[in-house]
């Protein structure tokens, strides 16, 4: 019982960490960044290199974020910006980028599966249950992420301008806000978050060139169902992530992998705003 | 070129392709024949992606699932039930049936009236994920991750399979080509370009999308069935999201919306992938990825159109381009018109209609009736609710309360296409036509509700109702039949849209600011056309207008709206003489509305000072 | 009206519209610094289109626009805004889900925010009590006042105001007139007011122009005794 609750909480935390970057980009630019999966893979391999180089495994996260940010800057400038008026094509182009990233990594590292060192090994005792310390740490990290992003959005000038662009880009521009810069900054941040997320999930399973793909689908269904609010994303992660854990435990792990996608699709059909307040 | 020649030319090309297929196995090595057999079947599926994406505008990642339906049906039946003639038919039936069922479910989810294009694409993305997981979890029944293999299949030679796959592709491509060039095929483009206009022309776009989706599912399933028969192995990768996106990539590279582009794109890329997969597998994929992104960003039309632009330009230089197929217009006899029969009573009866957005009331207590032959102008300041009222009459789902009866039939909650069937025709404020289609083609689409377009032919005659013909002749559109709509002047576009709406044979015509942006001459033309429509054709015309001179010249009746309510409903003289209306227009806000003060001769100074007691003037 | 050399806003031969329709034809206008021009006319005659074209939201099919001597014809709206032009639009132009304070902050950069708040206190003191309230919960009239406060807070030298009195109570319209006049007195703000409310326009403006079917039909000074009659002639049925 306790183990299952912890499973749900940690799964929700992981999904949240993975999806926030995608949510930011969707909110500001109104497109689904399919390169998110590729950027996660990039982050995962950055983490691999870091640990293989003998550095502190916790450093893998900021390094992966850096890789993600740099890649994001290039992608926004070269691919996303020209497709500003063609959102469906932007989705396709970012998917193409995912493929490119995946193939580059395969050429450099080979197709095989690698294992990265976990920054935190062992278990912790929670209410009598022995639970993976790293998974528990992830809850803290996800919470810190959520709080940090909220602080950024609510408390800074850039955050204010970003929220203005999310709500009404034309109006924001009329007030003198440079929405092009906001988009660039958002995409870079979203990509950095994707990279970091990739580093965060490597200790959970393994590192291979296609590791980002299954997360991508769950993440974007979560984003679609939450609109543009960090809070409704949290709600979606808890509800749908919880459903996934329950289905996986009581029915089959394979069907569990489907739960988020199927539930999200049905929710959107019934209530197109999803979890968003409105 | 006549219809007969056009169709025989297509058939000739198809025959040539069949000959190429027949000859193929003798010119190519066995390995290539093997690979190409598979590629030919994939190309058929890519064709369905192009139909859905390039023509209909639905980006779909899930055609792979229908392919897998056909393949797995064969695999399952032949594995668990042995191979036989009757079992082969059973498998075919199951494959096609399964595909149809799945497509129907997806169609219901993705193409309902309010769904966005993004949501539809998302559903087609979720589909393969669900499908692959279901296959993985099928245990020994579906073969799980390794799939099913080694089952017995049709006893055909390698060449025979090549011929079968090749002819399947040629047949499907030819049929698709004939279809997209036909009048019915043009509907797809119209929906992609301007779905709203299609709905307001009476076309049930959701149903059309679902029908096309079902047909594409069946074609993909047939290709899958043949594949399973040939390869004798089926695996979950056939249903995967990866294969689904590969199909999209091939379509994009080849050129979406060209049919032949995706076919060749699929053939070439798949063939090369097989050839290079041994030596440079990852580099090849990388190159494809890069080219794909490049194409999306820089050459959205695809590579094939770019390649074919050169010979096309040469051809154009050698031989001047013939104008697009000429269409002859004719006037429909009154006896033939299928317009809605007038019911009893007024043409339009609006009672107690209200429209609220949350706590904001845009329309309230709207009651009026209009008869055939009346030209009613709806006037009022901005924000008075005029366009909202128009929307409520044309779309049963819009209003929050009240009832609207057109020709004796209650519109209830019916969507726009059903309201058109009841006799409502709506002309939008911004000229709302099909920009890339010619004038003639736009008019043909407007008649699609009455005269079902052919699935394979292009009609040469276009009979139109008298009202539409009158507008076309008066404005000179009859000399511009072959001009693409986006090249028309603003006034001509307005005239085209009006003719399209009149082609619907409406009983109630709703016009939103028909004179916006028109020159003086054009305004006079429209004015006399509208008077004609009401006096001679017996239409009931309701128009929203700001140009009060125009209103005064042509209306038989004027309704003044202010802040969502009717403040005056009477003749032109009543409204001109009304102090109330003067105040409404001079901007008294709600302070002045309750008052009727000085007589018209005392004039302006009085109106101003009485309306604004607190303001020093 | 003023000579071209000193004009805060100079519009020459401007034509603009939507999707091929020419709504504003060859309009010539000029406003001196600190002057208030009212553009009047019936609906659909191109007033809002004129403002949008000047701001850069709509394409200019011909003509030119210059601010204080520099060409702004080809600039995008946010660049025009950066040059000190405030656009107070007809549609609800506030961020409904943001607080009053956030809406104001968007308009003003940090160091000047305190000064801006002092300004707001002078013209619309009630807003200071509502700083943490979501803009969407204010009444229509209060939102218009916030809109005005925000635009003035930006320190814009030129304000383009589109029918700000629409739907407001007479007392609120009074207050607005006072605010506009004092803004002009204290900061020399130039304004182009598009209006349908004749008394308000004539009370506040220095000069007026009537647009009829996209063209300037007549102009004059607000102080002229027959101004009201001349304008009304164009506005009635």
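The chains carry the letters A, B and C, assigned in the order they are written, with residues numbered from 1 in each.
Here is the rule we go by: contacts are C-beta pairs under 8 Å (C-beta built on N, C-alpha and C of every residue); 3 or more make two chains touch, one makes a residue touch a chain.
What you see is a predicted model, and the numbers here were worked out from it, not measured in a lab.
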item	value
Maximum centroid distance from subunit C, chain identifier (CA atoms)	A
Higher-contact pair (C-beta pairs counted), B-C versus A-B	B-C
Chain at the geometric heart of the assembly (C-alpha centres)	B
Geometric centre distance via CA averages, subunit C-subunit A, whole Å	44
Centroid distance [mean C-alpha coordinates] between subunit C and subunit B, Å	41
Cα-centroid distance, subunit A relative to subunit B, in whole angstrom	35
Residues of subunit A whose C-beta touches two or more other chains	none
Partner subunit A, residues of subunit B touching it in the complex	59, 109, 112, 114-115, 117-119, 121-123, 125-126, 129-130, 133, 136-137, 241, 245, 248-249, 252, 282-283, 285-286, 288-290, 292-293, 296-297, 300
Touch list for subunit B against partner subunit C, complex	381-383, 430-431, 489-490, 493, 513, 516-518, 546-548, 551-552, 563, 575-576, 581-582, 585-591, 603-605, 607-609, 611-617
Of all residues in subunit C, those that touch subunit A in their complex	55, 57, 76-78, 81-82, 87, 89, 93, 95-98, 102, 105-107, 109-110, 154
Complex interface listing, subunit A residues touching subunit C	157, 160-161, 163-164, 167-168, 170-179
In the complex, subunit A residues that touch subunit B	32, 78-79, 82-83, 86-89, 91-93, 95-97, 99-100, 103-104, 106-107, 217, 220-221, 224, 252, 254-255, 257-258, 261-262, 265, 268-269, 272
